[in-house]
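Lettered A, B, C and D in written order, each chain numbered from 1.
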Amino acid sequence: MKVSVQSDDFDLSTEVIDISMNTRTGAVASFVGVVRDIPMTLEHYPGMTENAIKKIVEEARTRWQVLDYAVIHRYGDLQPGDQIVLVAIASSHRADAFAACQFIMDYLKTQAPFWKKEHHPEGARWVNALEADDEAAARWKSLKQPQRLVQK
Amino acid sequence: MKVSVQSDDFDLSTEVIDISMNTRTGAVASFVGVVRDIPMTLEHYPGMTENAIKKIVEEARTRWQVLDYAVIHRYGDLQPGDQIVLVAIASSHRADAFAACQFIMDYLKTQAPFWKKEHHPEGARWVNALEADDEAAARWKSLKQPQRLVQK
Amino acid sequence: MKVKVLLFANLRERIGQSVEVVDIPDSASTVAGLRIHLMQRGGAWQEILSDMKVVRVAVNHDMAAANAPLNPGDEVAFFPPVTGG
Amino acid sequence: MKVKVLLFANLRERIGQSVEVVDIPDSASTVAGLRIHLMQRGGAWQEILSDMKVVRVAVNHDMAAANAPLNPGDEVAFFPPVTGG
(Lines give C-alpha, C1' and ligand atoms only; values in the text may rest on other atoms or scores of the structure.)
Protein backbone atom coordinates (compact mmCIF):
# COMPACT_ATOMS: atom_id res chain seq x y z
CA MET A 1 0.00 0.00 0.00
CA LYS A 2 2.62 2.49 -1.11
CA VAL A 3 2.36 5.74 -3.02
CA SER A 4 5.56 7.72 -3.38
CA VAL A 5 6.53 10.78 -5.40
CA GLN A 6 10.29 11.02 -5.18
CA SER A 7 13.41 12.15 -7.00
CA ASP A 8 15.29 8.95 -6.13
CA ASP A 9 15.40 5.93 -8.39
CA PHE A 10 13.60 2.70 -7.38
CA ASP A 11 14.11 -1.04 -7.74
CA LEU A 12 11.28 -3.01 -9.37
CA SER A 13 12.07 -6.36 -7.70
CA THR A 14 12.16 -4.80 -4.25
CA GLU A 15 8.76 -3.19 -4.74
CA VAL A 16 7.20 -6.33 -6.20
CA ILE A 17 8.50 -8.50 -3.37
CA ASP A 18 7.18 -5.97 -0.83
CA ILE A 19 3.64 -6.23 -2.22
CA SER A 20 3.66 -10.04 -2.66
CA MET A 21 3.60 -11.03 1.00
CA ASN A 22 -0.12 -11.84 1.12
CA THR A 23 -0.58 -15.62 0.72
CA ARG A 24 -3.60 -14.98 -1.50
CA THR A 25 -1.35 -13.27 -4.07
CA GLY A 26 -1.05 -15.26 -7.27
CA ALA A 27 -0.42 -12.52 -9.81
CA VAL A 28 1.66 -9.37 -9.87
CA ALA A 29 1.38 -7.09 -12.89
CA SER A 30 3.77 -4.20 -13.09
CA PHE A 31 4.72 -1.37 -15.36
CA VAL A 32 7.85 0.73 -15.59
CA GLY A 33 8.01 3.86 -17.73
CA VAL A 34 11.44 4.70 -19.09
CA VAL A 35 12.86 7.93 -20.54
CA ARG A 36 13.38 7.46 -24.26
CA ASP A 37 15.90 9.53 -26.19
CA ILE A 38 15.37 13.02 -24.75
CA PRO A 39 16.55 14.20 -21.32
CA MET A 40 13.67 15.70 -19.35
CA THR A 41 12.71 17.53 -16.19
CA LEU A 42 9.51 16.47 -14.43
CA GLU A 43 7.74 19.01 -12.25
CA HIS A 44 5.01 18.07 -9.79
CA TYR A 45 2.73 19.70 -7.21
CA PRO A 46 3.81 18.44 -3.78
CA GLY A 47 0.79 17.29 -1.80
CA MET A 48 -1.71 17.40 -4.61
CA THR A 49 0.22 14.92 -6.74
CA GLU A 50 0.30 12.28 -3.99
CA ASN A 51 -3.41 12.86 -3.29
CA ALA A 52 -4.32 12.53 -6.95
CA ILE A 53 -2.44 9.23 -7.22
CA LYS A 54 -4.14 7.89 -4.10
CA LYS A 55 -7.54 8.73 -5.58
CA ILE A 56 -6.65 6.92 -8.80
CA VAL A 57 -5.61 3.85 -6.84
CA GLU A 58 -8.78 3.89 -4.73
CA GLU A 59 -10.87 4.10 -7.89
CA ALA A 60 -9.04 1.04 -9.26
CA ARG A 61 -9.68 -0.82 -6.03
CA THR A 62 -13.44 -0.36 -6.40
CA ARG A 63 -13.23 -2.07 -9.80
CA TRP A 64 -10.79 -4.92 -9.34
CA GLN A 65 -9.39 -7.13 -6.63
CA VAL A 66 -6.16 -5.45 -5.51
CA LEU A 67 -4.46 -7.11 -2.53
CA ASP A 68 -1.53 -4.73 -2.42
CA TYR A 69 0.14 -2.13 -4.65
CA ALA A 70 3.09 0.17 -5.14
CA VAL A 71 2.97 3.36 -7.18
CA ILE A 72 6.16 5.40 -7.48
CA HIS A 73 6.59 8.45 -9.68
CA ARG A 74 9.84 10.34 -9.94
CA TYR A 75 10.33 14.07 -10.46
CA GLY A 76 13.34 16.22 -11.27
CA ASP A 77 15.98 15.74 -13.96
CA LEU A 78 15.89 12.42 -15.78
CA GLN A 79 18.20 11.07 -18.48
CA PRO A 80 17.49 8.64 -21.35
CA GLY A 81 17.14 5.13 -19.94
CA ASP A 82 16.15 6.39 -16.48
CA GLN A 83 13.07 4.89 -14.85
CA ILE A 84 10.22 7.43 -14.47
CA VAL A 85 7.24 5.62 -13.03
CA LEU A 86 6.38 2.26 -11.50
CA VAL A 87 2.94 0.74 -10.97
CA ALA A 88 2.80 -2.75 -9.44
CA ILE A 89 -0.43 -4.55 -8.52
CA ALA A 90 -0.75 -7.76 -6.54
CA SER A 91 -3.97 -9.75 -6.90
CA SER A 92 -5.21 -13.31 -6.70
CA HIS A 93 -6.08 -13.16 -10.39
CA ARG A 94 -4.02 -12.04 -13.31
CA ALA A 95 -6.86 -10.32 -15.18
CA ASP A 96 -7.49 -8.06 -12.17
CA ALA A 97 -3.78 -7.33 -11.77
CA PHE A 98 -3.37 -6.38 -15.44
CA ALA A 99 -6.53 -4.27 -15.59
CA ALA A 100 -5.81 -2.33 -12.41
CA CYS A 101 -2.21 -1.70 -13.47
CA GLN A 102 -3.17 -0.45 -16.91
CA PHE A 103 -6.05 1.64 -15.54
CA ILE A 104 -3.78 3.37 -13.04
CA MET A 105 -1.15 4.08 -15.71
CA ASP A 106 -3.75 5.53 -18.10
CA TYR A 107 -5.08 7.80 -15.36
CA LEU A 108 -1.62 8.76 -14.11
CA LYS A 109 -0.91 10.10 -17.59
CA THR A 110 -4.02 12.28 -17.60
CA GLN A 111 -4.97 13.07 -13.99
CA ALA A 112 -1.82 13.26 -11.89
CA PRO A 113 -0.20 16.69 -11.72
CA PHE A 114 3.11 16.15 -13.50
CA TRP A 115 4.54 18.36 -16.20
CA LYS A 116 7.28 17.27 -18.52
CA LYS A 117 9.92 19.57 -19.98
CA GLU A 118 12.05 18.02 -22.70
CA HIS A 119 15.61 19.18 -23.23
CA HIS A 120 16.11 19.01 -26.99
CA PRO A 121 19.43 19.96 -28.58
CA GLU A 122 17.71 23.08 -30.00
CA GLY A 123 16.28 24.08 -26.63
CA ALA A 124 13.94 23.06 -23.83
CA ARG A 125 10.19 22.90 -24.32
CA TRP A 126 7.19 21.90 -22.23
CA VAL A 127 5.35 18.87 -23.62
CA ASN A 128 1.70 19.31 -24.58
CA ALA A 129 -0.92 16.89 -23.30
CA LEU A 130 -1.63 14.21 -25.86
CA GLU A 131 -5.09 13.29 -27.04
CA ALA A 132 -4.09 9.62 -27.19
CA ASP A 133 -3.62 9.66 -23.45
CA ASP A 134 -7.02 11.21 -22.85
CA GLU A 135 -8.55 8.55 -25.07
CA ALA A 136 -6.75 5.80 -23.19
CA ALA A 137 -8.18 7.10 -19.93
CA ALA A 138 -11.64 7.73 -21.41
CA ARG A 139 -12.13 4.15 -22.54
CA TRP A 140 -12.37 3.09 -18.90
CA LYS A 141 -15.37 5.38 -18.46
CA SER A 142 -17.41 3.28 -20.88
CA LEU A 143 -17.29 0.48 -18.33
CA LYS A 144 -20.57 1.53 -16.77
CA GLN A 145 -20.01 -0.21 -13.50
CA PRO A 146 -17.18 -1.88 -11.66
CA GLN A 147 -16.58 -5.15 -13.45
CA ARG A 148 -14.18 -8.00 -13.43
CA LEU A 149 -12.70 -9.42 -16.58
CA VAL A 150 -12.41 -13.12 -17.35
CA GLN A 151 -10.04 -14.31 -14.75
CA LYS A 152 -8.26 -17.16 -13.04
CA MET B 1 15.01 -11.89 -26.57
CA LYS B 2 15.05 -14.55 -23.91
CA VAL B 3 12.93 -17.66 -23.40
CA SER B 4 13.96 -19.90 -20.54
CA VAL B 5 12.37 -22.93 -18.87
CA GLN B 6 14.32 -23.53 -15.71
CA SER B 7 14.11 -24.85 -12.17
CA ASP B 8 16.06 -21.89 -10.77
CA ASP B 9 14.42 -18.76 -9.42
CA PHE B 10 14.75 -15.44 -11.28
CA ASP B 11 15.03 -11.75 -10.46
CA LEU B 12 12.45 -9.44 -12.03
CA SER B 13 14.61 -6.27 -11.97
CA THR B 14 17.53 -8.03 -13.65
CA GLU B 15 15.33 -9.28 -16.46
CA VAL B 16 13.60 -5.91 -16.94
CA ILE B 17 16.91 -4.05 -17.06
CA ASP B 18 18.27 -6.58 -19.58
CA ILE B 19 15.40 -5.91 -21.99
CA SER B 20 15.36 -2.10 -21.55
CA MET B 21 18.65 -1.32 -23.31
CA ASN B 22 17.06 -0.17 -26.57
CA THR B 23 16.86 3.65 -26.58
CA ARG B 24 13.40 3.42 -28.17
CA THR B 25 12.08 1.66 -25.07
CA GLY B 26 9.59 3.80 -23.15
CA ALA B 27 7.42 1.16 -21.52
CA VAL B 28 8.06 -2.17 -19.85
CA ALA B 29 5.06 -4.23 -18.78
CA SER B 30 5.75 -7.32 -16.75
CA PHE B 31 3.93 -10.09 -14.98
CA VAL B 32 5.03 -12.47 -12.26
CA GLY B 33 2.94 -15.49 -11.26
CA VAL B 34 3.31 -16.56 -7.65
CA VAL B 35 2.41 -19.83 -5.89
CA ARG B 36 -0.56 -19.20 -3.60
CA ASP B 37 -1.24 -21.39 -0.58
CA ILE B 38 -0.58 -24.90 -1.94
CA PRO B 39 2.89 -26.37 -2.64
CA MET B 40 3.11 -27.71 -6.18
CA THR B 41 5.24 -29.61 -8.65
CA LEU B 42 5.36 -28.36 -12.23
CA GLU B 43 6.19 -30.84 -14.97
CA HIS B 44 7.12 -29.79 -18.51
CA TYR B 45 8.12 -31.33 -21.84
CA PRO B 46 11.75 -30.37 -22.47
CA GLY B 47 12.15 -29.07 -25.99
CA MET B 48 8.49 -28.79 -26.84
CA THR B 49 7.79 -26.38 -24.00
CA GLU B 50 10.48 -23.92 -25.11
CA ASN B 51 9.28 -24.18 -28.71
CA ALA B 52 5.66 -23.55 -27.70
CA ILE B 53 6.65 -20.43 -25.76
CA LYS B 54 8.70 -19.13 -28.68
CA LYS B 55 5.69 -19.55 -30.97
CA ILE B 56 3.49 -17.65 -28.55
CA VAL B 57 5.98 -14.79 -28.42
CA GLU B 58 6.32 -14.66 -32.20
CA GLU B 59 2.53 -14.49 -32.52
CA ALA B 60 2.51 -11.55 -30.09
CA ARG B 61 5.22 -9.82 -32.10
CA THR B 62 3.04 -9.90 -35.22
CA ARG B 63 0.33 -8.03 -33.30
CA TRP B 64 2.18 -5.43 -31.24
CA GLN B 65 5.43 -3.53 -31.19
CA VAL B 66 7.78 -5.57 -29.01
CA LEU B 67 11.34 -4.24 -28.87
CA ASP B 68 12.61 -6.91 -26.49
CA TYR B 69 11.21 -9.52 -24.11
CA ALA B 70 11.96 -12.06 -21.43
CA VAL B 71 9.82 -15.10 -20.71
CA ILE B 72 10.88 -17.41 -17.90
CA HIS B 73 8.87 -20.36 -16.64
CA ARG B 74 10.02 -22.55 -13.78
CA TYR B 75 9.45 -26.27 -13.31
CA GLY B 76 9.97 -28.63 -10.39
CA ASP B 77 8.91 -28.25 -6.77
CA LEU B 78 7.58 -24.84 -5.77
CA GLN B 79 6.44 -23.56 -2.39
CA PRO B 80 3.82 -20.92 -1.50
CA GLY B 81 5.22 -17.48 -2.29
CA ASP B 82 7.66 -18.82 -4.89
CA GLN B 83 7.77 -17.14 -8.28
CA ILE B 84 6.51 -19.42 -11.10
CA VAL B 85 6.51 -17.41 -14.29
CA LEU B 86 7.77 -14.09 -15.60
CA VAL B 87 6.74 -12.27 -18.77
CA ALA B 88 8.34 -8.88 -19.45
CA ILE B 89 7.78 -6.84 -22.61
CA ALA B 90 9.66 -3.73 -23.67
CA SER B 91 8.01 -1.43 -26.19
CA SER B 92 7.93 2.22 -27.17
CA HIS B 93 4.28 2.35 -26.15
CA ARG B 94 2.60 1.22 -22.99
CA ALA B 95 -0.56 -0.14 -24.68
CA ASP B 96 1.57 -2.48 -26.81
CA ALA B 97 3.62 -3.58 -23.81
CA PHE B 98 0.51 -4.35 -21.74
CA ALA B 99 -1.33 -6.14 -24.55
CA ALA B 100 1.62 -8.32 -25.55
CA CYS B 101 2.35 -9.22 -21.93
CA GLN B 102 -1.25 -10.19 -21.18
CA PHE B 103 -1.61 -12.06 -24.48
CA ILE B 104 1.48 -14.15 -23.79
CA MET B 105 0.33 -14.94 -20.25
CA ASP B 106 -3.13 -16.01 -21.45
CA TYR B 107 -1.59 -18.29 -24.06
CA LEU B 108 1.06 -19.64 -21.69
CA LYS B 109 -1.75 -20.85 -19.48
CA THR B 110 -3.45 -22.73 -22.29
CA GLN B 111 -0.83 -23.62 -24.92
CA ALA B 112 2.48 -24.25 -23.19
CA PRO B 113 3.09 -27.83 -22.04
CA PHE B 114 3.15 -27.50 -18.26
CA TRP B 115 1.27 -29.68 -15.81
CA LYS B 116 0.65 -28.71 -12.25
CA LYS B 117 0.41 -31.17 -9.36
CA GLU B 118 -0.81 -29.66 -6.09
CA HIS B 119 0.31 -31.12 -2.80
CA HIS B 120 -2.73 -30.80 -0.54
CA PRO B 121 -2.63 -31.98 3.08
CA GLU B 122 -4.98 -34.81 2.09
CA GLY B 123 -2.79 -35.88 -0.82
CA ALA B 124 -1.37 -34.80 -4.19
CA ARG B 125 -3.56 -34.26 -7.22
CA TRP B 126 -3.08 -33.11 -10.80
CA VAL B 127 -4.88 -29.86 -11.57
CA ASN B 128 -7.50 -29.90 -14.31
CA ALA B 129 -7.42 -27.32 -17.08
CA LEU B 130 -9.73 -24.43 -16.33
CA GLU B 131 -12.30 -23.11 -18.75
CA ALA B 132 -11.61 -19.58 -17.59
CA ASP B 133 -8.12 -19.86 -19.00
CA ASP B 134 -9.38 -21.10 -22.34
CA GLU B 135 -11.79 -18.19 -22.44
CA ALA B 136 -9.03 -15.74 -21.63
CA ALA B 137 -6.99 -17.07 -24.54
CA ALA B 138 -10.00 -17.29 -26.87
CA ARG B 139 -10.89 -13.63 -26.55
CA TRP B 140 -7.71 -12.73 -28.45
CA LYS B 141 -8.98 -14.74 -31.43
CA SER B 142 -11.85 -12.31 -31.93
CA LEU B 143 -9.30 -9.66 -32.85
CA LYS B 144 -9.62 -10.39 -36.55
CA GLN B 145 -6.29 -8.92 -37.52
CA PRO B 146 -3.18 -7.65 -35.81
CA GLN B 147 -4.12 -4.36 -34.24
CA ARG B 148 -2.64 -1.72 -32.02
CA LEU B 149 -4.53 -0.25 -29.15
CA VAL B 150 -4.70 3.45 -28.34
CA GLN B 151 -1.19 4.23 -27.43
CA LYS B 152 1.41 6.79 -26.50
CA MET C 1 -9.26 38.28 1.80
CA LYS C 2 -6.00 36.53 1.13
CA VAL C 3 -5.41 33.38 -0.93
CA LYS C 4 -2.21 31.64 -1.90
CA VAL C 5 -1.66 31.41 -5.64
CA LEU C 6 0.64 28.74 -7.06
CA LEU C 7 1.87 28.43 -10.64
CA PHE C 8 3.40 25.41 -12.33
CA ALA C 9 5.33 24.47 -15.44
CA ASN C 10 5.21 26.97 -18.32
CA LEU C 11 2.87 29.26 -16.33
CA ARG C 12 5.43 29.47 -13.54
CA GLU C 13 8.20 30.19 -16.03
CA ARG C 14 6.30 32.88 -17.91
CA ILE C 15 5.32 34.73 -14.75
CA GLY C 16 8.74 34.17 -13.22
CA GLN C 17 7.47 33.06 -9.83
CA SER C 18 5.91 29.97 -8.31
CA VAL C 19 3.95 31.30 -5.33
CA GLU C 20 2.33 34.55 -4.19
CA VAL C 21 -0.15 35.53 -1.53
CA VAL C 22 -2.81 37.63 -3.24
CA ASP C 23 -5.30 39.94 -1.52
CA ILE C 24 -8.57 39.80 -3.45
CA PRO C 25 -11.78 41.81 -3.02
CA ASP C 26 -14.80 39.87 -1.72
CA SER C 27 -16.36 40.31 -5.15
CA ALA C 28 -13.60 38.13 -6.59
CA SER C 29 -14.13 35.19 -4.22
CA THR C 30 -14.50 32.50 -6.88
CA VAL C 31 -11.97 30.86 -9.18
CA ALA C 32 -13.27 32.96 -12.07
CA GLY C 33 -13.11 36.11 -9.94
CA LEU C 34 -9.53 35.46 -8.93
CA ARG C 35 -8.60 34.79 -12.54
CA ILE C 36 -10.05 38.13 -13.71
CA HIS C 37 -8.37 39.90 -10.79
CA LEU C 38 -4.99 38.48 -11.83
CA MET C 39 -5.54 39.16 -15.56
CA GLN C 40 -6.11 42.83 -14.73
CA ARG C 41 -2.44 43.01 -13.85
CA GLY C 42 -1.81 42.81 -17.60
CA GLY C 43 1.40 41.53 -19.20
CA ALA C 44 2.18 37.83 -18.75
CA TRP C 45 -0.72 37.42 -16.29
CA GLN C 46 -3.17 38.61 -18.90
CA GLU C 47 -1.60 36.31 -21.46
CA ILE C 48 -1.37 33.07 -19.55
CA LEU C 49 -4.83 33.28 -17.98
CA SER C 50 -6.72 34.41 -21.08
CA ASP C 51 -7.11 30.96 -22.62
CA MET C 52 -8.76 28.79 -19.97
CA LYS C 53 -8.78 25.85 -22.38
CA VAL C 54 -5.11 25.33 -21.64
CA VAL C 55 -5.17 26.35 -17.97
CA ARG C 56 -6.37 24.03 -15.19
CA VAL C 57 -7.21 25.16 -11.67
CA ALA C 58 -7.01 23.32 -8.36
CA VAL C 59 -8.29 24.65 -5.03
CA ASN C 60 -6.74 23.04 -1.96
CA HIS C 61 -5.40 20.15 -4.08
CA ASP C 62 -8.70 19.36 -5.80
CA MET C 63 -9.47 20.23 -9.39
CA ALA C 64 -11.91 23.15 -9.43
CA ALA C 65 -14.35 24.69 -11.91
CA ALA C 66 -14.63 28.41 -12.66
CA ASN C 67 -17.57 28.90 -10.29
CA ALA C 68 -15.87 27.22 -7.32
CA PRO C 69 -16.01 29.54 -4.27
CA LEU C 70 -12.82 30.72 -2.54
CA ASN C 71 -12.27 31.17 1.19
CA PRO C 72 -9.52 33.00 3.10
CA GLY C 73 -6.33 30.97 3.16
CA ASP C 74 -7.25 28.78 0.20
CA GLU C 75 -4.44 27.46 -1.96
CA VAL C 76 -5.26 28.07 -5.63
CA ALA C 77 -3.03 26.53 -8.29
CA PHE C 78 -2.97 27.35 -12.00
CA PHE C 79 -1.26 24.93 -14.36
CA PRO C 80 -1.39 23.48 -17.88
CA PRO C 81 -2.95 20.08 -18.69
CA VAL C 82 -0.82 17.39 -17.09
CA THR C 83 1.77 15.39 -19.03
CA GLY C 84 2.96 12.80 -16.53
CA GLY C 85 4.78 9.50 -16.69
CA MET D 1 8.44 -49.18 -37.69
CA LYS D 2 9.59 -47.74 -34.43
CA VAL D 3 8.39 -44.53 -32.73
CA LYS D 4 9.25 -43.07 -29.37
CA VAL D 5 6.26 -42.66 -27.05
CA LEU D 6 6.39 -40.14 -24.22
CA LEU D 7 3.88 -39.75 -21.39
CA PHE D 8 3.43 -36.78 -19.08
CA ALA D 9 1.72 -35.84 -15.82
CA ASN D 10 -1.09 -38.18 -14.68
CA LEU D 11 -0.69 -40.34 -17.81
CA ARG D 12 2.96 -40.95 -16.94
CA GLU D 13 2.04 -41.78 -13.36
CA ARG D 14 -0.77 -44.17 -14.25
CA ILE D 15 1.36 -46.11 -16.72
CA GLY D 16 4.37 -45.96 -14.47
CA GLN D 17 6.84 -44.93 -17.14
CA SER D 18 7.69 -41.80 -19.09
CA VAL D 19 9.23 -43.08 -22.32
CA GLU D 20 9.16 -46.23 -24.46
CA VAL D 21 10.19 -47.14 -27.97
CA VAL D 22 7.21 -48.86 -29.57
CA ASP D 23 7.29 -51.01 -32.72
CA ILE D 24 4.06 -50.48 -34.61
CA PRO D 25 2.69 -52.20 -37.74
CA ASP D 26 2.54 -50.09 -40.90
CA SER D 27 -1.24 -50.20 -40.63
CA ALA D 28 -0.95 -48.17 -37.37
CA SER D 29 1.14 -45.33 -38.83
CA THR D 30 -1.09 -42.48 -37.72
CA VAL D 31 -1.72 -40.94 -34.29
CA ALA D 32 -5.07 -42.76 -34.14
CA GLY D 33 -3.43 -46.02 -35.21
CA LEU D 34 -0.77 -45.76 -32.53
CA ARG D 35 -3.40 -44.99 -29.94
CA ILE D 36 -5.44 -48.09 -30.81
CA HIS D 37 -2.25 -50.18 -30.87
CA LEU D 38 -1.41 -49.02 -27.33
CA MET D 39 -4.99 -49.45 -26.06
CA GLN D 40 -4.88 -53.09 -27.15
CA ARG D 41 -2.35 -53.67 -24.39
CA GLY D 42 -5.31 -53.29 -22.01
CA GLY D 43 -5.05 -52.23 -18.36
CA ALA D 44 -3.95 -48.66 -17.71
CA TRP D 45 -3.14 -48.10 -21.40
CA GLN D 46 -6.71 -48.94 -22.34
CA GLU D 47 -7.99 -46.67 -19.60
CA ILE D 48 -5.91 -43.54 -20.15
CA LEU D 49 -6.18 -43.52 -23.94
CA SER D 50 -9.90 -44.29 -24.14
CA ASP D 51 -11.10 -40.74 -23.54
CA MET D 52 -9.38 -38.60 -26.16
CA LYS D 53 -11.20 -35.51 -24.86
CA VAL D 54 -8.76 -35.40 -21.99
CA VAL D 55 -5.68 -36.59 -23.88
CA ARG D 56 -3.61 -34.34 -26.14
CA VAL D 57 -1.05 -35.59 -28.64
CA ALA D 58 2.11 -33.97 -29.98
CA VAL D 59 4.28 -35.36 -32.78
CA ASN D 60 7.85 -34.08 -32.83
CA HIS D 61 6.92 -31.21 -30.48
CA ASP D 62 3.91 -30.01 -32.47
CA MET D 63 0.32 -30.60 -31.44
CA ALA D 64 -1.15 -33.27 -33.71
CA ALA D 65 -4.64 -34.44 -34.72
CA ALA D 66 -5.79 -38.08 -34.80
CA ASN D 67 -5.18 -38.42 -38.53
CA ALA D 68 -1.61 -37.07 -38.40
CA PRO D 69 0.76 -39.54 -40.12
CA LEU D 70 3.69 -41.11 -38.26
CA ASN D 71 7.15 -41.82 -39.63
CA PRO D 72 9.95 -44.01 -38.27
CA GLY D 73 11.75 -42.31 -35.40
CA ASP D 74 8.93 -39.87 -34.62
CA GLU D 75 8.53 -38.70 -31.05
CA VAL D 76 4.87 -39.01 -30.03
CA ALA D 77 3.78 -37.54 -26.71
CA PHE D 78 0.49 -38.16 -24.89
CA PHE D 79 -0.52 -35.76 -22.14
CA PRO D 80 -3.54 -34.11 -20.47
CA PRO D 81 -4.66 -30.54 -21.27
CA VAL D 82 -1.99 -28.15 -20.03
CA THR D 83 -2.26 -26.30 -16.71
CA GLY D 84 0.75 -23.99 -16.75
CA GLY D 85 1.70 -20.84 -14.94
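Here is the rule we go by: a residue touches a chain if its C-beta (ideal position, glycine included) is under 8 Å from a C-beta of that chain, and two chains touch if they have at least 3 such contacts.
Computed from a predicted model, the values in this text were never measured in an experiment.
Asks: Can you list every chain in contact with both subunit A and subunit D?
Replies: Both-contact set = B.
Asks: Farthest chain from subunit B, going by the mean of C-alpha atoms per chain?
Replies: C
Asks: Indicate the whole-number Å distance between the mean C-alpha point of subunit B and the mean C-alpha point of subunit C.
Replies: From the centre of subunit B to the centre of subunit C is 48 Å.
Asks: Between subunit C and subunit D, what is the gap in Å from one C-alpha centre to the other?
Replies: 74
Asks: Whole-Å distance, subunit A centre to subunit C centre, using C-alpha means?
Replies: Subunit A and subunit C have C-alpha centres separated by 27 Å.
Asks: Would you pick out the residues of subunit A that each touch at least 2 other chains?
Replies: 33, 105, 109, 130
Asks: Mind pulling the subunit D residues that touch 2 or more other chains?
Replies: As it turns out, subunit D has no residue touching two or more other chains.
Asks: What graph shape do the protein chains here make by touch: line, ring, star, complete or other?
Replies: Here the contact pattern is a line, an open path with two ends.
Asks: Between which chains is there touch?
Replies: A-B, A-C, B-D
Asks: What does subunit D use to touch subunit B in their complex?
Replies: 6, 8-10, 12, 58, 61, 77, 79-85
Asks: Any idea which subunit B residues touch subunit A in the complex?
Replies: The touching residues are 11-14, 16, 20-21, 23-37, 80-81, 92, 94-95, 97-98, 101-102, 105, 109, 130, 132-133, 135-136, 139, 150-152.
Asks: So in the complex, the part of subunit B that touches subunit D is made up of which residues?
Replies: 33, 42-43, 45, 47-48, 51-52, 73, 84-85, 105, 108-117, 126-130
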